[in-house]
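This structure is in structure tokens; I'll ask about it shortly.
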């Protein structure tokens, strides 16, 4: 899910301004105006592609007539040496957009690759693996898109599209029951209410309060298993906190419905992608 | 080097808008207006701190009167459990700014921690380790600041503050000599001209053309050593491309002056930092 | 639910720019710089107050030190002649902000007054009366806030925080079952899926597809009653389309859970509020 | 009078961002990318059309190639069932722009319809009926355009294009004479100076001070008639304040030149317009 | 006439961003954070001061607590060596704002000085000397303010606050009469209509059409004198085009009411103002 | 060096908004929509052309299909009467863009003409004449481009792309040696360090500190000559401060390498260029 292209151009504009500023003093002084060329964006290691469209938009931002042909599509696997995108157009635009386009493509493909590996690890399980709000400031829409390209799901997009009641909210309301009730009265009937709990007692309170989803926060695998038994399918159960490749499989076997993992986005290493330019 | 606070607020504004959008439907409906509290930002693993000021600014953006006390300063090492920042102010602001502030702090401290480890690995060497333009779109100024907090140096901030002549520029000009001459005529006398080369012959051409710095691109350690001998101290020598923790030390011993490494920023994992909120 | 003040200032800035442009050629030429005065914002007809805070912010935008005292609070009823807000500060700021502040206050209080009357009409009923997305472009957050001040609830804030499957979506998917399934897979587990139906057959399909909410679109009161019987409490039922003060009460008696009404926002007349300024 | 299309796109951008935010989670997940269709914008009640161009621009904002054919033009009367606009293009764009386009079109046509009725009521009279600055914040240019489509005229666009001296300005200057003189010295020779008066004595002062226009504020019909006699055609006379459909005709007979009425814009109800989408 | 400070900060923000970009690599690296100092802005040649407030705002933009004392006020004459403004505050802010503040102050004072000299040249005459729209893009409000500080008047602020009918408008309407009539019908009753003419015949047409002001465009002094006789005081007369210090006095004696001169703003040389900084 | 067209449109947008605001009340009311015409931009005095592309962009901003043919190119000399640019397209767009386009073209061509005269004066000399940061706030990129069109060079674009150590920096560091060393450690290896000096002793310190360039500030011609002898070619020498057409030639003979002159931009008078519009 990304905003439509016409609404999402500000990320590209800002990124190009950040890099080009008052001008590319190498390219604009050395490459004659109007010179054209061809470019090839190439994977340098095995990866899952994500971000082809936004990468292409970066080039088109500087040369509206840039011709772009995708050799594959988001979600495809590529090997080292595979061409992802070919470009034909203004040489200056190509050189000036190169770094910005690659920075986006490397990060998004890095996330998709990282996610796909984790999804593959639990492929047998019905559990839904989802991201969190631990994304790069300014790039959330793109990073959440890459998570889906990699095969996982999205949690909330922000503080505006889902209620997640945490300890401080509970404390301020004097209890889970009041908190859920206040939220229910205030929000749209299309929004679910999730309560974060840390004990069997809180699980019980959340169930009685009518929570739509229960999140088990930073619990041991055993505690998670017990909570799942206690909830007994009445509402979906999410676990969150301290999850990594090592404990992911075990958690899947506890019977939870959803696992959310910040590392999907905040610690995915960039993958290596480069650009060859020629006449 | 960051733009002054008054010029740099747009990153924070955008990040908060992205997360809060039309409103935090949990906090604004459950926490009474005007309620105050205290917050503690705490390291959950050993790390090098970077970004305390910008994290504080995120909270101040939502509550101008938020009181913020730093328990340490950027560049300090912290252990799991150490408090980095304490806050006192509006409870709603604290909860609504939390994720955005942590996202920035975790990423910047992640970079500083990653950089410091690499700098430590080559502490004996006079080589200058520097970053590249492979930064997160929109966050370059912050990430380059974190690199310096970690003890490494900065390469160009963008395409505007240094000339770096690459193969396509050379091709378009018909040779290194013309390229350097065109650049020299065009740019300010405060800007140096660096030429990227891949062979001994190009090294020779760059030296004759009067390049201020020579960058050896993706060469083997042996080829680097030979080039250093060939250049013989006439201009500073930079190596770039394919550098990682494994070959870093060996490259330092070749006699180069500068090593640039994209991984300083593009693949530093986030470090774990959390926030405790209470009355 | 409104974005926090620090994020929401752009509506005020734009509104003031629109009115003041390159300068207030009357006030800035006739009122000496630094002259101070007092202002009183007064209801000229019975109304429900909404927007006091945003009105105050308009004045503070032009004079950061403007002293503002609310004589009542949002949601209160006021009679003709009642003072709503008193101001003390820079005279120029007061005169230049007056129209913009009143325009906002009159519209928001107009909505709150209109809504409260309708809510009162069905006070005995358990039905939840909610707004729609038929709001003034640019003012949705404020208008939806005024709806809540008037005692009704909010439907979706936008296309991003709830799934509402309409006929074109159903057609594109080849049926309600596929549409609901695609949506379920794609969206966050905190978002509910509502299906708009126009026949008993579609009601059945929506129920079988696992819709979370069913919207009866533009049905007669009899058809609504039948649909409610058919749904039998399995999911909440919303009616929408062609609802006005005349048929509202009858619809409430059909057993539906939610009634959404565009007229809450798009046709609420402004209420009369004026400002007296003096030394 | 509207700013040219290329300068006026920010209203549309903001309105679409407000509605779509990080994405339309129904349409973007259910409608295949690239699917095309046709749309018909249809009047649901008798109305005067206003805003066809801006409505079309909303669709073009999301699909630059959207084909738009107007079945009528601004100012035309339409009956229930009449098609106003037909569209052919990207289905996603059509569904995502629908609400924003209709919200603008319904409001602007609402104003034009309301204005035309009032203008018709006084069609025999030479009086010029004009709007005020009581417009929706952010939409003034569009609303003032709709007023003209409806057949009335525009008063000032803002505080920058006309001098209107009110009681506080007079008080600050110590009298009408000084106020007019200060204004005359300060403003461009293309700007007229209007003085708001509430008594025969002030009428006399305004005439002696050389006011270009006199505004009678909130006077009874008799007082207006007397003031018109007193002014005797020396300058144009405007009445303002408390004017509605009931007293409009009587006021026209007093001999005034201009009647300004806030209700033209601030209380015009939206008209009902909907969109049919199909393949 | 300038927009209020809170609306006008974008000029300052843009100017500072243009100069500082990603950071001041001299000051931020050499001056310790938190160091304070004092600054003195000093005239280096005789001049008329204009822009003290905006210059002060530039410093306050970077250090909100900067203490600023004006040693004189806009419109005062200063001699070489006179202190105009003293500052005390953050040393980094002072050094980073210096150039931007001076650039504005030198330009605005340059205009005021240039204007005052020309106004002095025709001090005996009742003619009103005014500027044009030939201002620096982006700085019109400030430059028109400086014109008034220098003692001349302002013509239109833009295309929005006065009608000026030129040859192309006349041609498109088929004559002056139609053009004036169309304009009269379309614009607010507070806006005057000026017609640009180049012949006695056009003067006659403009008078008959009811123009409020007549502009004689690029006429010889003799032709101007004849036109003044022809118009005979019925409407104000403006001359424009090709006016400079040499023919200004003679034109004043022709009996015209208004002389507009682009050179007031577009060719005023900067005056020399510098800043001394110390502890 | 200018930012690419797609990044640089904000200057044009702001300039047009400033001039057109809510609408051109003459053109939009008098010229029928869709009317087309031709325009000719013509030099009214001998000049060096600069800014043809940006002038064309102003027209294209209002009419994307405007056809523009350049009769010459930037850097060409034109005589009074020469056509610079011909346009064919929407008549309204042409009239509404005219003033903004000319304002830019007159200023940029004014700078280029002024610069070319000065460059011609020292044509025999190897000295490099460069501009300063004394440019019009908001227009620096364009003005620095015009300087190059006129044949001179550019100094720093801002505070971000070159180190220039002045007296206050030296004082804060306790000496030139420390200042240069701190800067060297902090900045990219592509940035040179220039030190501003006022005495022979400071020249010596700067040489010993390893400055890359030495700037002689406001020295007499004799002192400059002595400093050049003292520096003896070890680093490039720049002179700045108080330079004008009268002392420029003498300074060139002192043996300095670079002369920087604020007057290139801040005091270049506008040249006279006008537009003829016809069918």
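Think of it as A, B, C, D, E and F in the order they're written, each chain with its own count starting at 1.
The definition used in the following text is that a residue touches a chain if its C-beta (ideal position, glycine included) is under 8 Å from a C-beta of that chain, and two chains touch if they have at least 3 such contacts.
Fair warning: this is a prediction, and the values are worked out from it, not measured in the lab.
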Same or different residue numbers at the chain A/chain D copy interface, by half rule | different
Farthest chain from chain D, comparing Cα centres?
-> B
Rotation angle superposing chain A onto its copy chain F by C-alpha atoms, nearest 5 degrees = 120
Which listed pair, E-F, A-F or C-E, duplicates the contacts of C-D in over half of its pairs = E-F
A-C or B-C - the one linked by more C-beta pairs in contact = A-C
Just grab the chain with the largest centre-to-centre distance to chain E, centres being mean Cα coordinates.
-> A
CA centroids of chain B and chain D: separation to the nearest Å works out as 52
For the pair chain D and chain E, the C-alpha centroid-to-centroid distance in angstrom is 32
Report, in whole Å, the distance between the mean C-alpha point of chain D and the mean C-alpha point of chain F.
-> 44
Would you pick out the residues of chain A that each touch at least 2 other chains?
-> 1, 18, 20-23, 25, 29, 96, 140-141, 157-158, 160-164, 186-187, 191
Residue numbers on chain F that touch chain D, as the complex places them | 13, 16-17, 20-23, 25, 28-29, 61-62, 64, 92-93, 96
Hey, which residues of chain A end up touching chain B in the complex?
-> 11, 14-15, 18-27, 29-32, 35, 37, 91, 95-96, 99-100, 102-104, 106-107, 110, 133-141, 157-166, 168-169, 171-173, 179, 182-183, 186-187, 191, 262-263, 266-267, 269-270, 277-279
Within their complex, chain C touches chain A through residues 1, 128, 130, 148, 153-157, 160-164, 185-192, 194, 212-213, 236, 238, 257-258
Spell out the part of chain B that touches chain E in their complex, as residue ranges.
-> 1-4, 6-7, 140-141, 157-158, 160
